[in-house]
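Next, two complexes with subunit A in common: one pairs it with subunit B, the other with subunit C.
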Partner chain A sequence: MTQLALIVLIPFIGALLPSWALTAGRLWSAWVTGGVVVSALALLVAPAWAVMQGETLLWQLDWLPALGLSLGFRLDGLALLFALMILVIGLLVILYARWYLAERDPMGRFYAYLLLFMGSMLGLVMSENLIQLLMFWELTSISSFLLISYWRQREDARRGARMALAITGGGGLALLGGILLLGEIVGSYDLSTVLAAREIIHAHPLYLPALVLILLGIFTKSAQFPFHFWLPHAMAAPTPVSAYLHSATMVKAGVFLLARLFPALSGSEAWTWLVAPTGMATLLIGAYTALFKHDLKGLLAYSTISHLGLITLLFGIGSPLAAVAGLFHIMNHATFKASLFMAAGIIDHEAGTRDMRRLAGLWRFMPQTGLLAMIAAAAMAGVPLLNGFLSKEMFFEKTVYMATFEESTWLLPVLATIAGALAVAYSLRFIHDVFFNGTPTDLPRTPHEPVRWMRVPVEILVVICIAVGIFPSLTFGPLLAVAAGATLQAPLPAYSLKVWHGFTPALGMSMLALSGGALIYAIRRPLFRWHERTLGQLDARWLYEVWERALLQGSRVLDHLIHRRSLQDMLAVLIIAAAAMLLLGFWGMPLTGSATLTPLDPVSAAAAFCLAVGALGTVVLHRQRWTALVMLSVVGLIIALAFVKFSAPDLALTQLAVEMVTIILLLLALHFLPAETPRESSLARKLRDLLLALLGGGLTTVLTWAVLTRPYDSISDWLLRNSVPGGGGSNVVNVILVDFRGFDTLGEITVLAIAAIGIYMMLRDLRLEAPRADAQGRPWSSDAHPLILATFSRLLLPLALMVAVFILLRGHHLPGGGFIAGLIIAVALVMQYLANGVLWTQTRLSGELHPLIGLGLLLATATGLGSWYFGAPFLTSAHGHWSVPILGEIELASAMLFDIGVMLVVIGITLVILIRLGRIGLMQRRAPISNSDPKP
Partner chain B sequence: MEALIALVIGLLAGCGIYLLLRARTFPVVLGITLLSYAVNLFLFVMGRLSIGVPAIIEPGRSAYADPLPQALVLTAIVIGFGMTAFVVVLALRARADLGNDHVDGREP
Partner chain C sequence: MDLLMESLIAVLILIGAAFTCLGSIGLVRLRDFYERLHTPTKATTLGVGSLLIASAIFFSWTMPGISLHEVLVAVFLFITAPVSAHLMAKAALHLRERGETGLPPETTLQRHDGSGRLSEDKDGNQDGNAADSG
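Entry: the complex of A and B
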């Protein structure tokens, strides 16, 4: 079932396309984006069929099984329900947005963000591993941040996006804690195991903390009281975004998790008391506030909060039937709320305002939109024969059931009826204030029907509302059944999806709500006046703002305390801290261990003496920068010798080559920097630094001594034993680099490539004044390149390249390899620049060199991926013997290709840095002079 | 020999730290280079000192130097070069854009 992974992956890959397609026109961009979604839907068909037959599809790729980390996707009824909502409503939103976005809005960015968000949501609902689920959860927070702040020039959009990110991101942090606890309790992060471990979870002492943390994540995401305030502020997003995020996706992620973990977590007293009251409070507060919002989208936002509260309440009740009702309402709410948001967007788009105090009588101008909005609003209010009625009916029934059989209170049904009446009232207001209620007076433009295609998505959704409202069991019925089965992980309770259940208490509540809603709307004027005076003053946002301000202030104070705005002071703090930790950690341990020591020989002592002179010379002479550099190179060379002495020929070769390029680089840099360092440190500063240096150096010495005198066990025996049979090479160091730890090496050359990109960007249009004379005022020589050096370097080039190839080829068996070969080639080429000048070399070695870096990375990665083709894990190497005419028997390992990739990256980065620096000098002097000759 | 190595590493680290604390970019770069020598050597000798036994498999030989620290240090050397190059170019850019070579970007 690789398809499952593909379905999630497609939107992520597809996110690259819209901007590219935009070059062909805005319509194309929409088509391509739609195509991405359609192809994901097409892939979903076959798995969906299997799921509808009652199967649960799983696909798993182990990553770190020991830590419970794996990439796993799962498609069961619940995941299918959400995947379908995400994809289908996403498709409609894409169509709608094509006409909604103005010419000046960058469409490619919009669709790219939308697809990113869609992929994150799909990954979230289809995750089998809980940690992976959390990753996608965070991705939805981030991508919704990008969507909400799409109009980034607007202050309210940035603010709303930041608030949404802060709240949902904070909730995500709590969720991380909760999921880690849950995984700790169950002993596995696999959903299948967790869902089956109800008894273990409930009996564990950590159940309550885990539950509270997970619920915090859910409540913040699903905008439950008291975290609901971010949702209205997220309305600063373009309306297609609101239609998508607040109907079918983002806020539903919270209730999705509630449903997903329902069999594992629900059924305890803590669950009921935490979830149900939160849902109830949110339901009431949302419905009440929605009534008093003058902004169309504000009304819809609070109504969304209220409906989410209803769903949460249903899951909080905890009975299987209530969960079924909750799922049903998730589906219904997605359809009618998406269409209402789209209708609000059309009104805003065509009339120029969303303020219900200015809008009126639009029925005359846009009757078709009006009709659609009316049906959708009626579904929201719970009018019979529409889908909203059915799930609301089920909800009323559950509250009555709770009241009669489980709790002896009538509070629940009464509150539910009040919330229902409020919903009727705000739905009435949405329709009456906008489409009737007199004639419009001061609209920014004359309203008219929108483009045909802009209405199509609304029409489709409204048709679904009606079809489900009349034939529930034929339409949503089968999907609801599998989704409920997957949510409960148990046989389905008996329920019936019918329009007419006879005269039940629930029907009575519905009728009460409808008439009560009409009554509330009728007395709205005194109600509004009363609200303005009293509750209208309250806003949950102030709490957030107080917190935000306090946090910012706190960070500022902390920053002032520790950030001294001086690199020297910061480094001093760092060194003291490191020394303190070293002392604390090792205090009281014996200094000398019991290992046998190696005898000292005079040559080593002499070499060490040279090194000491070099190092101290660098420090003492650091003001005369050129001399200090010469001293430094002495140190580097002796280190290379030390590697030779202590059985590390590969290291010696690498150190030698790196030493050369480093010194050339520093010489080039010195050309553009002052030749001498001014005397500016005070005596106290020097003494402090000397003390720190003595402290650091002394502790390092002690630490090294302590380690070296202790015996030790190495894990390298395994590497030594398996190098030839497993890796096909006798140079163990090289085999470790390209085979055993090949993944690390891939990471390391990637780091190199990133550094090279940074350097490339910093060197681009860098303007530096090269000095024309040295410190003593002597002008720089403009000598042509020394003839002998130039001639010899040309002769040497093929030889150097041949040596490099030789080093590369033998690297697997004898000292050598890609790193060293790459450095040798780089040095050979740089040599040409030095001896013959940039111009001469450039005419012969044309073309940019930085593509080499990409090529090398690609080759190394492709070698790794190649092993997948043979069914082996990433970067598995193969080796064998081939007999080649003339050359005879040779042994080749696939690791060789990897090593060539490494080599290309090393050549690329070295040459990009050195040659570009050299060219800057050339631009300055405009004469073909050797750029690195530092001697005046 | 162990004492000598310990002293050498300590000396390199001390010299590196002193230069690291200077106020101008070029000595800092020299300091970083010295410090990375010290760190590379330190990592390398974590495999202990062994003479004349390179980690190249030969039939009939049983003593080998520890190859793991060597492989670590090999990449560390190359990455160290990448880092030095980055810092050097950063220093050049800072000089070009800010007009001085002080580490804080402003003359004291």
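Entry: the complex of A and C
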């Protein structure tokens, strides 16, 4: 059943295509995106068939078994229902968006985000593992953020997206906590196990906290009261996004999880009292607010909130039949709400406004769209013979059932009828205010019917609405049955999908709601005035903004307390903290261990003395930067010598090469700084720093002394023994780098590459005023590239390259390796820039050098991946002997390729940084020079 | 044979060390910049050169094959030493560094300033300048 994984993967991979296809035209981009979705749908056919026969398909792969995390996909009725909704409505939205988006909107980006979102949703509904489900949950939050902020030049879009991300992201955090608790209770994160562990979960003391946390996640995602306010603000998104996110997908993720965990969590007092009232409140508040929204999409947004409340309420009631009704309403709501959003988008697109106070009488201009919108709105209102009627009647029936069941709940049917009436009223308003109600005045443009293809998605959805409304059991019936079976994890209760149930209380409630709604709409004018004066003043966003401001303010204060605006101060805190911990932790321990001391030889002592002088000199002379630089290189050289002394030639070579690069780097940087630093520190500050330095240095010395005088076992023996048999090289340092700890090296060069890209971008547009003379006011020599230097450095290049290759090749057995070779090549090339000038070198070393970094990373990673081909773990190295003409017998390890990757990364990084830095002044200086003759 | 080889190597090392030492003493003792310019070059060519020969003989003798690394080292030295000396001299001239007998002749200074130079590249790159003033 790898198909299941593929179905989820396809949209993610496909997300790369739309932008690329855009080069062939906008229609192509839409076609390709549609093709991606169709291929996912095609893959779904066979599994769907099996699911319809009552099977539950599972596909699993161990990922991090130790953490209870396995990669698993599950397709049962519920997942199938959602997957179909996601894909089919997604396909319609793609078609619709092709005509909706304006010429200037970047279409590739839109489709890429849409596919990312689709993949996240599919992964969410098909996850078998709860942690994996949560990952996809977060992915939907992120990708919906991208979609909502698609028009990123608009402030409201950015704010709406941020709000949605903050609310759903916060909910996701709560959900993570809840799922971890749930996993702890059950002992497994596998959905199959969790769903079967109802008794264990309910009996556990942690049930309530887990339930509350999970519900928080669900309520934020599904825009339940009091977290509902993000949804209307998300309407700043393009209408196709709203049609997709707020009908079938994003907000349905919450109710999906409600249905998914229904068998495990429902049936307790806590469940009923937490879920049902929330749903009821959302239902009423949403329906009420929708009536008073003047924006078409605002109305639809609040009606979405209200319908989500209805679904939540149904699940909150907790009986199996209510759950079936909830599922049915999920399907129906998705169809009519998607079509309504699209219709609203068409109106906006063709009339230029969504404000119902300006829109009127559009029936004359767009009768076909009007008809479609009318049918969809009627379905939303619950008019008989349309799908909305059926599920709404099931809902009314459940509330009546609850009322007969328990005396105190008589309120339920009353409130449900009121909400129904409000829904009828706002649906009426949607139609009457827009399509009738006089003639339009001052519309931005003359409305007309949209492009044929823009209406097709709406037509399809409306046909579904009607078909389901008339023949429910023939259309949604089978799917509903398997979905309900998967939701309940139990035999289905008896229910009948029929239009006519006879004269039941529910029918009475429906009629009451229809007539009540008409009445409310009739008296809307006084109602509007009353609303403006009273409840209209309230806005839940206000609460959010207060919170947001408080949080930001709080973090600012905290930041002010902890974070000093000076590197020196931060370092001081760090050193004092480290010193305090050391002193606290090791106080009273004997300083010297039992190991015998090595006798001191005079050469080492002299070197150490020079080291100390060099370090001291750097500090004392730091205001004369050039001199300090010389002092600093003394330190570097002596460290290199120390490496030689302690038998680490590799490190010594590296240190030397790094010294060279550092000197060049510092010279380039110092060029832009004054040669002398002004006095900045007060005496007190200097004393403090001196004290800190002594403290830090002293403690490091003590610590080193304490460690080195104690006998200890390190892993070096193991490494020495296994270097040749395990890594095929006798240079242990290199074998460690490319083999034993190859993964570390890969991580390090990746970090290095990221840093280099950062530096590259930062230096790219930097312009600095290069000084025209040195500190004493002497002008630079006009002879920038002395002939002798230029000639000889050209001569040196091939020699240096030869040395680099030599060092690379022998690296596995003798001191050397890719890192050092890379540095040598970089230095040799930088020499050319220094000696011959950037322009001269550029003509010969054309092209940008930063692709080298990526190439090196790819090579190193590919070497690691290559071992998979042979069935070995990542980065296993192979080695063997080859006889090569001229060079003779050599031993090559696959690690050599890895080493070459490292080398390329190092070359790329060093050159990119140095050359960028070198060019800063060049670009700046060349301009004035062309105006005036530099020579006397 | 052993003794002969060993004494040969020892002599070469001693010569090398002596020249390196002389170079260092010269750096301290000589009077002005232009004179001091000579000493490090002697130390690198003769001093390090002898040491390299000693090394080549030793490793060719004790190890299988002939040791040729030293040749490469010598090549690098011979290329870099004159270049660095030249650059330092140029810098000194540019900065009008005074010697023991006053400034160098005016013609030298003017020649240095570029009037007699091939106008091959006027990249105006600051890199070379940075090296000059360093």
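Going forward, the second predicted complex is superposed on the first by the 574 of 936 C-alpha atoms of A that agree within 3 Å, B and C clash if a C-alpha of one lies under 4 Å from a C-alpha of the other, contacts with A are read in each partner's own complex, and residues count from 1 in each chain.
Criterion: contacts are C-beta pairs under 8 Å (C-beta built on N, C-alpha and C of every residue); 3 or more make two chains touch, one makes a residue touch a chain.
All of these numbers come straight from a predicted model, not from anything done at the bench.
Look at A:795: by the touch rule set out above, it reaches subunit C but stays clear of subunit B.
Contacts of A:667 after superposition: subunit C is touched, whereas subunit B is not reached. By the touch criterion defined above, A:242 reaches neither subunit B nor subunit C. Of the two partner chains placed around the shared chain by superposition, subunit B is the only one that A:763 touches, whereas subunit C remains out of contact. When the shared chain is aligned, subunit C comes close enough to touch A:835, but subunit B does not. More residues of subunit A are in touch with B than with the other of subunit B and subunit C. Under the contact criterion defined above, the residues of subunit A that touch both subunit B in one complex and subunit C in the other are 629, 670.
Chain contact summary for the complex, subunit A toward subunit B: residues 565-568, 571-572, 575, 595, 597-601, 604-605, 608, 611-612, 615-616, 618-619, 622, 625, 628-629, 632, 635-636, 639, 642-643, 645-651, 654-655, 658, 661-662, 665-666, 669-670, 672-674, 677-678, 680-681, 689-690, 692-694, 696-702, 704-705, 707-709, 712, 714-716, 719-720, 723-724, 730-733, 736-737, 741, 744-745, 748, 751-752, 755-756, 758-759, 762-763, 766-768, 813-815, 819, 823, 906, 909-910, 913, 917. The residues of subunit C lying in touch with subunit A in their complex are 72, 75-76, 79-80, 82-83, 86-87, 90-91, 94-95, 112-114, 117-118, 120-134. Put simply, subunit B touches subunit A in their complex at residues 1-15, 17-27, 29-30, 33-34, 37-38, 40-42, 44-58, 64-68, 70-71, 73-75, 77-86, 88-93, 95-96, 101, 103-104, 108. Of all residues in subunit A, those touching subunit C in their complex are 626, 629, 667-668, 670-671, 770, 774, 778, 780-790, 792-793, 795-796, 799, 803, 833-840, 918, 921-922, 925-926, 929, 934-936.
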